[in-house]
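Would you mind keeping the following structure in view while I ask a few things?
Think of it as A, B, C and D in the order they're written, each chain with its own count starting at 1.
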């Protein structure tokens, strides 16, 4: 199949959506991104790379990073992680505190904000310098030393981070945060502020398409079994409140971020990253979801 | 791979779980089933059949039937169905009325009770005799004229069906049930009372593993695209409150019933049915879920 | 104090609100009432009667009747009633089913729909003919044989009563309705359809202002202690979602109905009834609440 | 009526309850209080004082203080206060964050934790030194310079105050906290840590029984109208989740604290304070509620 042709077709088709979504504006650092960006990249497990659009332009990966910290925490803690955070779908807004009260401080899954805060807390308890550890891991898997934390975004998040502070304090009141609130929020704000481009992202996530081993670095990032399990979590929890709709339309494990990035996994075959800053009402990239839907329709590449 | 050997291994392994779950007892007709049944059957798209245990003994398929009525409704209404029922994960108990109030009478998905009642309502509006139509369809796909409605179960459901009556009345108060409450409940109670065995079930669901076409009857039950989409709904909504856990442990689209049956789909390859009446706390067959987990672990047959 | 003057002042002041609310239209029989009605009546415990407006024109008392059936049920069952229904504020919409799920079929208080259905169920279990018993009681306390059930309203309620049917079925699924759903709904729809005028209402409720004894009939309707307790329930639960606001603005025990009627109690002194069909967003009579607020402001007659 | 005799009778009757409740233990500073304390004091508007038990022993008044800060905020802001906080019953646990999400950061009323945090924020914005202002006000109305903040309790609250920090951060994320989280929590923790005895409390609250004017100091603390309105808020929101039950059993406006204190108002006549550290399941003093119930039963002093 000629993936380059397919990407170029998609590029034309989704550009018409630009202007119909809304760039995330809850922090100024994100609101300033030009809304007409579109990029898409494919990285196959056998080493081919295809891309269209601004695939070399870095953006704030935001919640896409939650799948990377989850990978680290699962590697460090193994199944003990599941005493601290559930693996169930949430059925509520991604930052809902209601569920958390009902479940006594245990977030439903590691890919909603509350769950990612617990994951950050776990990493802090597991390594000497959580922020360095995360950055080093991502740089290595992206094979790109230019990957960095965007400190303007970090500061912007911190300044407007009252809801995340509420979540962290709330969980700590139930005993489900072990480190200082400030430290947990700091690690969380940093990994959400990772600045990467589409090619970086596709490369970084290859281990999830290849049984836990990166075909680029040769690293065994995680066991084959855990790689499958992370994919299952992405499919059931990765797309905010649109998990069912995305599974229905696209049918791939994926993780989305409010910066407009999405990474999708085709197990055994490839990773696909897409970026377009305008979001739909669920907080997923409008053009990005459409691009992935077109891709699976054109190629038949869904897991179903 | 020698599926027969694998099934026999699983049979030995899961029999140790008998006695650790709890047979559904909300209606007497279900409570009377012997708890020590276990059956498992595989039907491949190329026509091979494997089975262990009581795979010829019929049982009440209960909510497994919701995926079959969904198939019919999706065939009749196409995407118009999604104006009446969502396709999102629920995050709440399968018969929760809370979600329904929040969403103004629109059930979250067609595989929870409220959603299946809307699906039944849609079928009543689409065909002359909904009960006959459903039964005829299932008999044909199961290729077994012995498939029938168990009227004792129907009457038992009716007698204890106050919660389903509450759901139907509640949705009708929002204008989302068009036919008479009595008729909608009657169709629903009948399809839940379908009596089938594991071999029947595996055969009946083959169209979902084969792009919408039954390799047994040759029928195009539904389009390839819709078959994929039903599979995505099974994966994100098919296992009550254990969707995430089941995806994590098993990694296959599946639908469960309180009679202890589960059907899982391996797209492109096969269907797997399993039956054991004792349920876990989420209402899924305890030995059944374990059997499917062992199967995907031994064979690597998950979609991830 | 010259109550007649005060009522006439209020009449002038509240007439300006006509046109700013919305007549209940969920059933046609209520929607047809002329919106420009306003009536107010006072009946003192020492036998004086004052009124303005259409105080002799009957209207559908709707939920005002719930305080009367509560009185009967409390008389029949005593404190056993509180095993079937709570006495706590609800904090949710008056017909919310959410609370009911959370509290396993026990309504929060007897003045919300679910609670009044339980009360109706209790009366059915306590007397031979619940509908006759209720009507006979009200006729006697109103000292008016013209008080009647408006069968057009009953039929209209029945035809559109899906939400109440949902509540009754839901509670029956938890074992908290003992009689047939149809019978419970029938009694409920009848007492809500009581047709009475403002003078009738003020007279009927006098026992609550007079330690349980009607000064008109001399009947001991209920014990002094229970009269006080019913007043406390009216104050904390009688005004739908505006309990706090009404207590703040008016400061009297009161019960409201969607027909636009409100009855308020000044313990030891008098009852006040008011009627104006246009409702505010909480379902209370817009002019009625204002009239009562003006009354307590002018007279200082609040319980605080 | 011989109030001293009545108090002594009550003293004997409620002592039997000691040992049946549970002293608040969420912070060590409260857990250390001896559970067998009981005190009750009455202060009439015409200057008589009656008491039994340890009525001169100071205790942590905790949430009782919320009615005092509400008084100050209502005095400073008038009806503008109601843009920041509701005046409706909550129907949820007193520190529930669920309601707050549903209502977009506006607490249901000023007497739950979230509401009291908003009230503290309002006072900080209105005066130069909120903590001094509050303390000065209470010392003056108690006519006792020994009233003080218990700094051990303050520190204990701060150390375990994650849930209150969650509430404050959550509301700030909706823009409903204007000052720094740290400062708001500090004021809140201080006023909850006010150390007062039963006689102090009865004296301090006299203005609510006397149309806003303290008969002791002669101060017009608040307007007559606002005094009535604060009483209405106490009655509908002052007793955590037992508002309905307390109104039913006691029938007086009152505010409770987890330190085991309760203050009740008999409008026009007196204030009653009671203290016993063991709490019932709703967080109200077990012996305290019983003592007030006995008092209103013996004297007929309810507002109904």
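Quick note on the criterion: contacts are C-beta pairs under 8 Å (C-beta built on N, C-alpha and C of every residue); 3 or more make two chains touch, one makes a residue touch a chain.
Bear in mind that the values here come from a model prediction, so they are computed numbers and not experimental data.
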Original post:
Out of curiosity, which chains are bumping into both subunit C and subunit D?
Top reply: none
Original post:
Which chain lies the greatest distance away from subunit D when centres are computed from Cα atoms alone?
Top reply: B
Subject >> Whole-Å gap between the CA centroids of subunit B and subunit D >> reply: 55
Subject >> Mean-CA-position distance for subunit B and subunit A (Å) >> reply: 32
**OP:** Provide the C-alpha centroid distance between subunit A and subunit D, rounded to the nearest whole angstrom.
**Re:** 47
Original post:
What are the residue numbers in subunit C that touch two or more other chains?
Top reply: none
Subject >> Listing of all chain pairs that touch each other, if any do >> reply: A-B, A-D, B-C, C-D
**OP:** Spell out the part of subunit A that touches subunit D in their complex, as residue ranges.
**Re:** 96-98, 101-102, 162-163, 165-170, 172-173, 181
Subject >> Footprint of subunit C on subunit D - complex, ascending >> reply: 86-92, 99, 108-109, 227-229, 231-233, 235-237, 241-245, 247-248, 251, 253, 267, 302-304
